[in-house]
Amino acid sequence: MPLDCILSAVAAWLLIGIAGVAALRRLTLVAHLLFPLGGLAALLLAAGAAWALTQPPQTVVLPLGLPTLPFHFRLDSLSAFFLLVLGATAAGVSVFAAGYFRRGEGTPPGLLCLEYHLFLASMALVLLADDAYAFMVMWETMALSSFFLVIANHRLGEIRRAGYLYLLMAHLGAIAILLCFGVLQANTGNYTFDNLRAQQLGPFAASLAFLLAVVGFGAKGGLLPLHVWLPEAHPAAPSPVSALLSGVMLKTAVYGLVRVTFDLLHTPLWWWGALLLALGLASALMGVVFAAVQVDMKRLLAYSSMENLGLIFAGLGLAALFAAYDMRPMAALALTAALYHAASHATFKSLLFVATGAVLHATHERSLGKLGGLIRFMPWVAWITLLGTLASAGLPPLGGFVSEWLLLQSFLFAPGLPNGFLNMLVPVVAALIALVAALAGYTMVKFFGVIFLGQPREEKLAQARDAGWWERAGMLWLGGLCLLLGLFPAQVLLITNAVTRPLVGAALNTAGHDWLLVPVSLERASYGPVLFLLGAAACVAATFLLVRWRYHGRLSRVPPWDCGHPDLTARMQDTAEGFGQPIRQIFEPFFRMERELPSAFDAAPRYRVSVSDPLWHFLYLPLARAVEALARLVGRLQQGRIAVYLLYSFLTLIAVLLVVRR
Amino acid sequence: MNAPGLFSQLLEVLIALALAPLLTGWVNQCRAWLLNKSAPPLTQPYRKLHKLFHKELVLAEHASSLYRAVPYLVFGCMALACAIIPTLSTDLPLSPAADAVALVGLFALARVFQSLAAMDVGTAFGTLGARREMLIGFLAEPALLMVLFSASLLSRSTSLTTLVDLFAHRELAIYPSLAFAGVAFTLVSLAENARIPVDNPATHLELTMVHEALLLEYSGRHLALLEWAASLKLFAYSCAGLALFFPWGIADARTPQAMLLALPLLAAKLTLGGALLALLETASAKMRIFRVPEFLGSAFLLAVIGMLVNILLGV
Amino acid sequence: MSAFLSQFINLLAAILLLLAFAMLSQRRILSLIHLFTLQGATLAVSTAVVGYATAQPHLYFSAVLTLLLKVILIPLLLHRVIDRLNVRWDLETLINIPTTQLAGIVLVMFAFYLAQPIAQISATIARGTLGIALASVLLSFMMMITRSKAVPQVIGFLAMENGLFFAATAATYGMPMVVELGIALDVLVGILILGVFLFHIREQFDSLDIRHLEKLKED
Amino acid sequence: MHPLLFVLGIPLLGSLLLAFTGHRPVARAVNVAVSFATLLAAGTLTADVVARGPTFAWGREFFIDPLNVFLVTLTAFVGFTTAVFSRPYMQVELAHGKMTAPRLRLYHSMYQLFLGTMLFALTTNNLGILWVAMEAATLATVLLVSVYRTAASLEAAWKYFILCGVGIAQALFGTVLLYMAAGKLLGSSGGALLWTNLEAVKGSLDPDIMALAFAFLFIGYGTKVGLAPLHNWLPDAHAEGPTPVSAVLSGLLLNVALYGILRCKVLADGALHNHLASGLMMGFGLLSVVTAAFFLWRQKDVKRLFAYSSIEHMGLITFAFGMGGPIANFAGLLHMTVHSLVKSAIFFAVGHAAQKAGTQAMDGIRGLITVSPTVGWGLMLGSLAILGLPPFGVFASEFLILTTAMREQAWATPFLLLALGVAFAAIFARVQPMVFGETSVRRLPHPPALLPVFAHLGLGLMLGLYIPPYLNAWYAQAARLLGG
């Protein structure tokens, strides 16, 4: 039974976590035995999930939870899809982590092992939960365990602040989700998803539930304007954890929103889709623009995650829009695009984050301004990372491109919508998606180029060593997944079809095209990555052979041309800040910039520019100030004077008596 | 996969490879004429390629293997691009593998590789060029995509062959959306092919160069391949423009013999197009790099307006 | 039950209210203790009268208890405290006395207003007693609010207890014996603890002004 | 002999014993032993009730039903664990010179007396005795709060005494009114104050008197529960008394006071046939939750912080009981249990932490986890639990309360949410740097008592994931008893 398979994997994770506590400080045991075992359990989970995709939904009720509401778990195709993503990604990350964790990183290794596996297990159970209570318990456990992972290196004030912000936002989001379930159960008092699904809500209640879900899951998924925690928390965590946070945990937000919008609520209203689309696009644009100006490699990736999640949410919005107008095949297309992007983002973002981990360990440096030229010292890491970079940039023939392709395809169908205004918006939206994708390319060139290419910007980088075998194996696994997702979209569609069919009542066409991705028909659009790759490879190989056959292979190595400048140093290369400069200029209104410019007569000229999120200043800081002011006001009640306290009691008594006597 | 299809596919690639330097030479010649200079011969690009292939390869001492792979990759990408754009016939077996979106992706892939290679040597100009190239790219790419989308909205397809098929066999009609798209396409092509007013292919003035900065460290056969790839790119863009806006004469699967007519027609169209390009280039002045976003922004805007017009007017 | 007894209880109730008012407006601490003693005496008498009128012997016991506790023991304790701590001076009030008196009148009206529906259905001896008991509780409460020294606050607290006792006897013919004993014990222990506290406070702050006790607060 | 005799007798005798021997070193152990004996007796009583159902003892004066039996067990349990905690705690205080032998005698004696009075208040059937026991508990705790004899503790104790004394006087007035209402039906015999008798005739009690009575009782006992704006004594008393006292104040006294309100609410509901009692409870509950949340924001003293958190939680519980109905009542009872357990666990951890840091000011307590991981984790997990993060039991009850409120009192949910959000932001912002980061604390020669912390947290965790069937049955019966 697939469900047994998955539950035993979860149980294995929990046991491994407990074993970790038992071996609290024995690093070798924890790293080289427990983490790989966790990876194996992840594979088991993925296998179970893949199996489940071919089976009808299965349920189980555990004798835990509230007396009236024991934990219900259900494995259907939607859960199975996300579990597959979780298992496949976690396997790679766990293997990487086996080589990653070192001594003396704040938290003892055994405790990290517990938190890590608890995190994995709670994510799996979130995906399985079939009642509101189980869902909320797992959801918050997930937040909590990941919070402890984020602050693994808790001695840095910055990391503690990030962790605080993270847990606060997670908790506020969770409250919203809780209320969403409260609305969904429609006064029945029964919180099983079966019952929620059976309720017929009016448009107002349904919209309220949807909005609460958007707030709750949006807070987890980094949707504007609830994204502020994301670029703080993801970089703060140890790299394998960042990989899981960005790669997998954000997907639970996608899962939740899909579950609520398409499963628990039946027919979306059109403006839900429009809202989600708008929010998704805004976050995508904001994310990518901020990613382009970052100078910290992990922050850059975190913002890039925000961008990708924005795209996924936009896809969901479009799917909801189509579903609202009962255009089921189109809805299936958009939903597939979103799911596909979720899967490919999981693989490439995990890969990139673990790569930053490898770089971090080799160089002890996170700032892009101090890296460079690592491809010569860490070829393994560099070449595998290149794969992730290209996928993240949305370039063919890798996974990121397929999902963006599907998304753009679904936009092409949007003019069929029976709503003139929306039709008009479509080109703008499609244009923005294209812009975001192109900017992602810009960002990724910056990411890869500044870290791995060029000359080392610091002396010590020459001492960098390539990652160990565990790390390489984990990265290879993730890179392989990127490649698979890119090259075999038709096969992946078989999986996503199993998901979309029950949710929107339609699926994409896969019959007869094993090597081609043909969402509707051959005349409309098609994409064949294998063919594409073969074509490109043939061209490249032919060129290479021809050139080698026809011409000599003489070669001499010389210093690079200095353009007439006698002392060219590595510091003259374009920096990460420099790479961000055009973006800062073009998208100026997005940023809140603080510049420090040297004057012409400075003896030690200094240039500094810092870019911050304007939302902090327009939304969060005023909010915090308002609470502070209110708290100050409330604090005045407690002046220390006993006569005043007695007066309160007296007045309260009088007031209550007046109410009573009424 | 049928024999005529395979034949037309091969023919297309070969013609592209052969004719691309010629087109570059023709544009340069026209430009020289317009500038009242004595023109280089039409075959100058071929000579240059020949010379470069025979030269010794001089590599920067710490260039990585990525740096050495990139010329082949870029060349392969451009050849593939030429293969999937219908120039002579719409009966192309490679066509289902890549549609309009994939074409844009392909160009982007080549650009990313080229920029990465430029960063690899680690000189100031290489990285500067990479940054500028990516800047132009991220603005031009969505604009190009929007242009293609305008056409796709008319044909309800992103498949290039279907698109061209449809346009080649339609009644002569005026499509205002395509007019906008055409202007946008021209602007994008200028930028993408490193032409004035965005870039000047004829200069190595360090502070203004973009495309040349990317190639600064390349030499020998690598440079030859990259130069050839640049020609191929110009050729591909020209053919794409022709296929979208002036598709008449391209043969379809039913009439392979029409290719006999298609070839001279293509040559004529390209001649005219090349001359026009030269005219455009000489008529405008190179702009500052900071003005490029505005330039490409307007292209982007035009393309979006084209799509809007399409949706509002239904044509 | 005779009308006379009922009138007598009403009279005692009125005296109780009057004393409560007097305490509210009294500035001198010694007079305050005297007034409190008088109030205790009134209470004891009224308890005995109610016991007689309703023929409940346990109320006599209660009256004796009141007499012992509130007329003899507590005033004695209070006298000792002010002697030992030397706090005979005149009192400052936080709010001036005419204002408190005006507010007191409003309070009495309010108490009567509250007790009115109960008085109408009440079958006990004196209909108005509950209202008066309530009024004296509220007046004592207000007295506690307006005084700035510890001893008068304690006296206010005890006067409030008197009001409650009066309510218990006049309105309900006395609580069950166990409860009354318990209450008396609590009051006794309470006053002892308060007395000890007063010494501690004096020791700590060199004064019994409760304005020294304003350190714990939100800032 | 009835087991209740032991439940009530052991702590009172213990108090007497410790009044003479409490200053000796062995007294700390005796205190634990007496508390343990009480716990055993409470366990026997519980088993008895489980086996035989609700019972009376000594006529009808004492009454054990599902509502109070679980509170009795809880009180005995927390009383025992706090005694265990106070053993090493008081040793350190003695070593630091904050406690002296005579004060220790007072402390031990009053601690047992306090437990005894609480058990008395819980088990008595007589509302008059309930009042007497509550007042006695107040007196005992006043002495406990002032045991350090510092200026601050005297001030806190004085305020506590005056405010609670005045408050509880109102409750006495309410009791008198109740007796008056009952007298007409039951005669002015001793039986008129017995809750079971009143409950039997509650439908025909005079509504006018009952309304007034409930108002006074609510204000009176509400002061002890710490409902805003009657709460002003609470933070001072918690902050300035010894930490074991803070733990039992938060964990037990507030519960018992609320228990008093609940008993009265059942009568008022029966007599009034309207939503007066519910409305009052919901209104004051909500007001407390919101006010306390904003108070939390600017705290500097760790014990004050958690004292305000207690106000917040008591407000939430009051709100839940105000809503009524089986689910909300169930949630309220569950919340009472887990709040007691978790809050006292927090105070245990805080006590150790403050001793290690040498200060109660939160700015002075930093990085507990490096020097004392167990205390650090105890404080961290406890805080997270009290903030309502699953899988701890507080979340289970908050889940039920919030979702029920959503259904029945939708207007209240925005306020609840605001308060929960602000409380989370406030508490967590203060606790995190205390636990993590560079350290400011030192090791002490005396090992901390960690068993109570983790036993409480473990139980709190269990109640979030699994509620044993018999406990569930009690809760359900008690919830039914409380009605809607």
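The first chain written gets the first letter, and so on, giving A, B, C and D; residue counts start at 1 in each chain.
The rule we apply is simple: contacts are C-beta pairs under 8 Å (C-beta built on N, C-alpha and C of every residue); 3 or more make two chains touch, one makes a residue touch a chain.
On a predicted model such as this, the values are computed, not experimentally measured, just so you know.
Looking at which of C-D and A-C shares more C-beta pairs in contact, the answer is the pair C-D. Central chain (C-alpha centroid nearest the global protein C-alpha centroid): A. Work out the mean CA point of chain B and of chain C, and you get 100 Å between them. Centres computed as Cα averages put chain C at a distance of 31 Å from chain D. Between chain A and chain C the centroid-to-centroid distance comes to 69 Å (mean Cα coordinates, whole Å). In whole angstrom, the spacing between the mean C-alpha positions of chain A and chain D is 44.
Counting only residues that touch two or more partner chains, chain C has 114, 117, 141, 144, 153, 210, 213-216, 218-219. Looking at chain A, one finds that residues 635, 637-638, 642, 646, 653, 657, 661 touch two or more other chains. Shared interface positions of chain B, i.e. residues touching 2 or more other chains, are not present. Touching chain pairs in this entry, ordered by label, are A-B, A-C, A-D, C-D.
Chain A makes touch with chain C in their complex at residues 635-643, 646-647, 650, 653-654, 657, 661. Against chain A, in their complex, chain B makes its touches with residues 53-54, 56-62, 64, 66, 72-73, 75-77, 79-80, 83-84, 94, 96-99, 101-102, 105-106, 108-109, 111-112, 115-116, 119-128, 130-131, 134-135, 137-139, 141-142, 145-146, 149, 152-153, 156-159, 162, 206, 216-217, 221, 225, 290, 293, 300, 303-304, 307-308, 310-312. For chain D in complex with chain C, the residues that touch the partner chain are 126, 128-129, 131-132, 135-136, 139, 142-143, 146, 149-152, 154-159, 161-162, 165-166, 169, 172-173, 175-177, 179-180, 183-184, 188-190, 192-193, 206, 208-209, 212, 235-236, 239-240, 295, 298.
Taken together, the chain C residues at the contact with chain D in this complex read 56, 114, 117-118, 121-124, 130, 134, 137, 141, 144, 150, 153, 157, 160-161, 164, 167-168, 171-179, 182-183, 185-186, 189-190, 193-194, 197, 200-201, 204-205, 210, 212-216, 218-219. Residue ranges of chain A in contact with chain B, taken from their complex: 372-373, 375-376, 386, 390, 393-396, 401, 404-405, 408-409, 412, 415, 423-424, 426-428, 430-431, 434-435, 437-439, 441-442, 444-446, 448-450, 453-455, 516, 518, 522-529, 531-532, 535-537, 539-541, 543-544, 547, 550-563, 565, 568, 570, 572-574, 578-579, 582, 585-586.
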